[in-house]
Amino acid sequence: MTIKVGIIGGTGYTGVELLRLLHTHEGVEVIAISSRSEVGQLVGDFFPSLAGQTQLIFTKSDDKILDSCDIIFFATPHGVAMKTAGNFIHQGIKVIDLGPDFRLRDKNEYAQWYGLDNFQGDLLASSVYGLSEINRAQIKTANLIGNPGCFPTTVLLALKPLIEQKLIDLSTIIVDAKTGVSGAGRGANQAMLLCETSESVKAYGISGHRHYPEIKQELSSLAGGKPIGLTFIPHLVPMIRGMESTIYVDLLETDIEVQSIFEQAYKDEYFVNVLGAGVIPATRNVKSSNFCQIGVQHAVGGKLVVTCVIDNLVKGAAGQAIQNMNIMFGLDEKTGLSSMGLLP
Amino acid sequence: MTIKVGIIGGTGYTGVELLRLLHTHEGVEVIAISSRSEVGQLVGDFFPSLAGQTQLIFTKSDDKILDSCDIIFFATPHGVAMKTAGNFIHQGIKVIDLGPDFRLRDKNEYAQWYGLDNFQGDLLASSVYGLSEINRAQIKTANLIGNPGCFPTTVLLALKPLIEQKLIDLSTIIVDAKTGVSGAGRGANQAMLLCETSESVKAYGISGHRHYPEIKQELSSLAGGKPIGLTFIPHLVPMIRGMESTIYVDLLETDIEVQSIFEQAYKDEYFVNVLGAGVIPATRNVKSSNFCQIGVQHAVGGKLVVTCVIDNLVKGAAGQAIQNMNIMFGLDEKTGLSSMGLLP
Amino acid sequence: MTIKVGIIGGTGYTGVELLRLLHTHEGVEVIAISSRSEVGQLVGDFFPSLAGQTQLIFTKSDDKILDSCDIIFFATPHGVAMKTAGNFIHQGIKVIDLGPDFRLRDKNEYAQWYGLDNFQGDLLASSVYGLSEINRAQIKTANLIGNPGCFPTTVLLALKPLIEQKLIDLSTIIVDAKTGVSGAGRGANQAMLLCETSESVKAYGISGHRHYPEIKQELSSLAGGKPIGLTFIPHLVPMIRGMESTIYVDLLETDIEVQSIFEQAYKDEYFVNVLGAGVIPATRNVKSSNFCQIGVQHAVGGKLVVTCVIDNLVKGAAGQAIQNMNIMFGLDEKTGLSSMGLLP
Amino acid sequence: MTIKVGIIGGTGYTGVELLRLLHTHEGVEVIAISSRSEVGQLVGDFFPSLAGQTQLIFTKSDDKILDSCDIIFFATPHGVAMKTAGNFIHQGIKVIDLGPDFRLRDKNEYAQWYGLDNFQGDLLASSVYGLSEINRAQIKTANLIGNPGCFPTTVLLALKPLIEQKLIDLSTIIVDAKTGVSGAGRGANQAMLLCETSESVKAYGISGHRHYPEIKQELSSLAGGKPIGLTFIPHLVPMIRGMESTIYVDLLETDIEVQSIFEQAYKDEYFVNVLGAGVIPATRNVKSSNFCQIGVQHAVGGKLVVTCVIDNLVKGAAGQAIQNMNIMFGLDEKTGLSSMGLLP
């Protein structure tokens, strides 16, 4: 059986990354990809990396062919999936939203960060937050997945062992994150020109970033509902792909063997590599791959520092979505995702 | 049957690229990888992109395990394969040299560009120049392959249709080539520091580059032995991977339909994409993939301009080597190589 | 006496580069800068590199203050200066157009490449092509300067000695040029996003680039009006600033001492450095400076190869404009321009 | 009067940056520059950005000409200045050490981070920590300056107003810093190749970085000797120049008007620009310049976040050294340093 896949909103970087990864996934076929702006265009003419490699043509997002899919990936801005995912769910088609519509559980939080016009509580209530390593059991039987944001993925994987084992002070978690430019998308945007972003680093979103409530909600969920004191500051760095979070926490007791706790926690997780004692991950280690690498170390001054890297477009978006699809369809979780990072 | 692969000289960028590509190649297993400097080290500790993903340990290059391989890839500096490939060939083990030892046919040319101490004429005579799309038939039955240089690959694929059909003046071919920095290798080299190469472009090797005689020899071979008037100037550009050649030639007649000639010539070649009329390839289109993209256009002023891009570490090195291996072992040529380019 | 400077169209990269360079020019004061889109905004809020360093506010381009200037720089798209420069010239205000309006001499060429609606023959006839090292004498007394394009600057400086001394075959000049991304300007443009241009090289404009007729016209002018056979292909490379031209020519005689010819030709030119025999210039050598570096070498195969580098925003735009201003006002030509390149 | 300058250890990035900045400084002449490895070589042949622009030749570090200087800059690894600066001081020649020898006040700290063999307590005791904006008064009369490290410069300027006015909790200061690659110097170093550092971000020095004790010492000094609880983690980002520190602190009271406190604190400091409320500095804003930009903002979650950017080679090294020289010689502090940042 081949899983028939549809992609809604396929002209962005997440769209082409889904196409790249699904191309070598032996269990699926992409039968439709939609775009508001490129209807009728050959996908291989639009994405030069696919020139001559696919006969797919961009369709409208309400094209009938999408109804014959087994699963739909939404790679759309917020609001779109909330409005239209129900149409597919009701037909028995599974949906994974790579956008943010099914991440925040709280109506007011959703309203504050994304607006409320299209809020659909029932649909949201039926969805599962698709961080594969955390919610695998629920994902298995889910019909609707809110695929995690890239920053939350790094923070949640980095802190899961510490929080689940109640080892850290939850009131003072600081996350200093760095991302490549691809997270800003493919739209014409002066601020993302090479001449504006290359040879530069800057913080952004200090006064509020949409991944803040998502991180806080899911950390709290890991902590059994306890409140979290969180500071989260993302930074833009001059590279295409890659995301790193440096996380500062206080251990509740001083004699905790953190290295072995991390190794133990992730020993069965294919996509999470805990590096050896004292080894610090670089984003290049996981470029183009679905892997997450974690390093944990005591810093001078007493803080415990966890560093975590992913490729923001893979484990932070398209790769994790496919990992979730594999889980939902009972496939080997690694299918189509076992490529090593591109180095150099 | 699984093909047992050995890699000699595995600590460079070509070595890790072979490991990356062979990792998802379903028909092979890498059973040995050697290194002079890293004997005994876990490969996954040396290459952080492989952390936790392989149990391979670097061995000596004369380790017995190499004798149980079906094929050996040499990813070594010039001179090494010339000296030791014979040991494997004589045992019936196939060899692909990614270095330059089995490319130049002329003893004097070899001496001039690489030195003569270890020249072995018989071995050289038995080897095949492994540009898959040109010498596929001989590669099928070869035991020893001289894998082409990266620059020659771009030039040969770009000019093959024009030369074979005798359409251009062979006396004034100009190749202006641009390469990413990975071609310079992984050795500690001040000139290749980020601070020395980033934000800069420069020509090099004007007074002579080792790929010059190789390009000339193989162009002449395509032309049935006719002499070639060649100018070849490479340039270093600030990126990791990617290679572009802009080639200036004169058509012998003015009314030649070059676009259709190229499309026709490569219609059955999976890895060579002739872009549509007027479309110019960028190196990013093929990043991380084994594809070659070609554009052909008449320039203002009358020259015909052929532009050709590859990933210098894939179609320009490790990918082409694996393509040759597939041909040698009767596998589907695309096995392990069907990934699309990484975009962005 | 302080020269009062106005800048029309100051929100692009050329505008801010004029501001940067003029800031340390002891003989001038920028009293006005205009912008269609940013009228009323503090220049230091718009350009973060100038935060807190200037009280200038963007005005309209017809603000009266511009009439009290001694010189106006147009940093505008084509068409603007052709339409409005006359207003200033007639008041006795000197004008330097960094756009292309006063470069092409031929009405039909101008029409073909830029359109004809605003063509003003008399104004054009009174202008001087402002390549300082070539037309210094006429610049001295000019009221209206067409500041050269960046690509033409590299080609003209590279070939001036050879053409003036009638040493090369004029019928087969090939220019393979490479530029950083800043040449594409500061507008929101998907194709110039970091994610679209970084880690990539590509040719463009093969079927025609606006600098082609300009190069041809001025080469012909150097050759006393003889026709020129020119091929010119620019390439986009992943860096902010910098431009390199690799130029392939045939010497008319084989025993010409090109190195000394270049050294002699430029011995009195402060901004043109002929590098030592065999030394090849990199664009980083001149980053941020008004210098041009030239290397000349015989390539294997017989061509003479001249390589020439500039910073496209300095000697290729704002710096050369200021050099011309210095000449027009009788100042030391180096005033405000004597900074060395930024290395690394 | 022209100040005669000597540079010891001039082949690194700090050396060439001193040459670049001093070249346009009207009050000085560099009369000597030494190098262990390049004695006798023309400086303009060694640094291609200076080709043809200087007659300086590298001398030995004990060349007599250095004794005729008014001031010596040491741009040497740790240990060198400690050993030899005294020779110049005793002759009445002023010394600025851009290395770390005269930064740490505590003998044991110095021993722990740099070794003790060449420790000279008296010389150290007579030196002044050269952060111009903090120690201007002492610098005026100093003969020996320990020029601050780049990271400490960002942290000290960012926290000076808060600490001097006793507004923050000193026990939990977290500094997450990012630096371009030039800080790693110009030596051949595999880890700093473009292919190893480009397209990647990573933390380093978590278990200890030499700037840690320096930051702590000087923060404590600002706090009147009170102890400081500090966490400091630097990160390497893929760019040549630039340094950013994101600093997380807790205000002691909630109703403090931090924006105006910063504006007031730095209103008379030419080189420190406090950006407008809500504006976050990018390193590109100060590329190539001696400026420091600071942004201050309340983060969601309650922390106060101060972000501070400099060019690590200018305000973080050579520029600050020249600023100190200007102060020591009674010159206008801005002399030779008034260039705006290079943008783009």
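All chains are identified by letter, namely A, B, C and D, in their written order; residue positions are counted from 1 within each chain.
By definition in this document, contacts are C-beta pairs under 8 Å (C-beta built on N, C-alpha and C of every residue); 3 or more make two chains touch, one makes a residue touch a chain.
Just so it is clear, the structure is predicted and the values come from calculations on it, not from any experiment.
Ranking A-C and A-D by contacting C-beta pairs places A-D first. Interface repeat of B-C: among B-D, A-B or A-D, the matching pair is A-D, sharing over half of the residue-numbered contact pairs.
Mean C-alpha position of chain A lies 46 Å from that of chain C.
With centres taken as mean Cα positions, chain D sits 36 Å from chain C. Taking the mean of the C-alpha atoms as each chain's centre, chain A and chain D sit 39 Å apart. Taken residue by residue, chain D touches two or more other chains at 13, 182, 186, 195-196, 198-199, 238-241, 281-282, 284, 287, 344, whereas all remaining positions touch fewer.
Taken in their complex, chain B has these residues touching chain D: 13, 181-182, 186-190, 192-199, 238-240.
The touching residues of chain B, when paired with chain A in their complex, are 13, 16, 19-20, 23-24, 45, 47-53, 182, 186, 199, 240-241, 273, 275-276, 279, 281-282, 284-289, 293, 338-344.
Chain A contributes residues 172, 174, 176, 178, 180, 195-196, 198-204, 206-209, 212, 229-233, 235, 237-242, 244, 246, 248, 278, 280-284, 287, 295, 297-303, 305, 307, 309, 344 to its touches with chain D in the complex.
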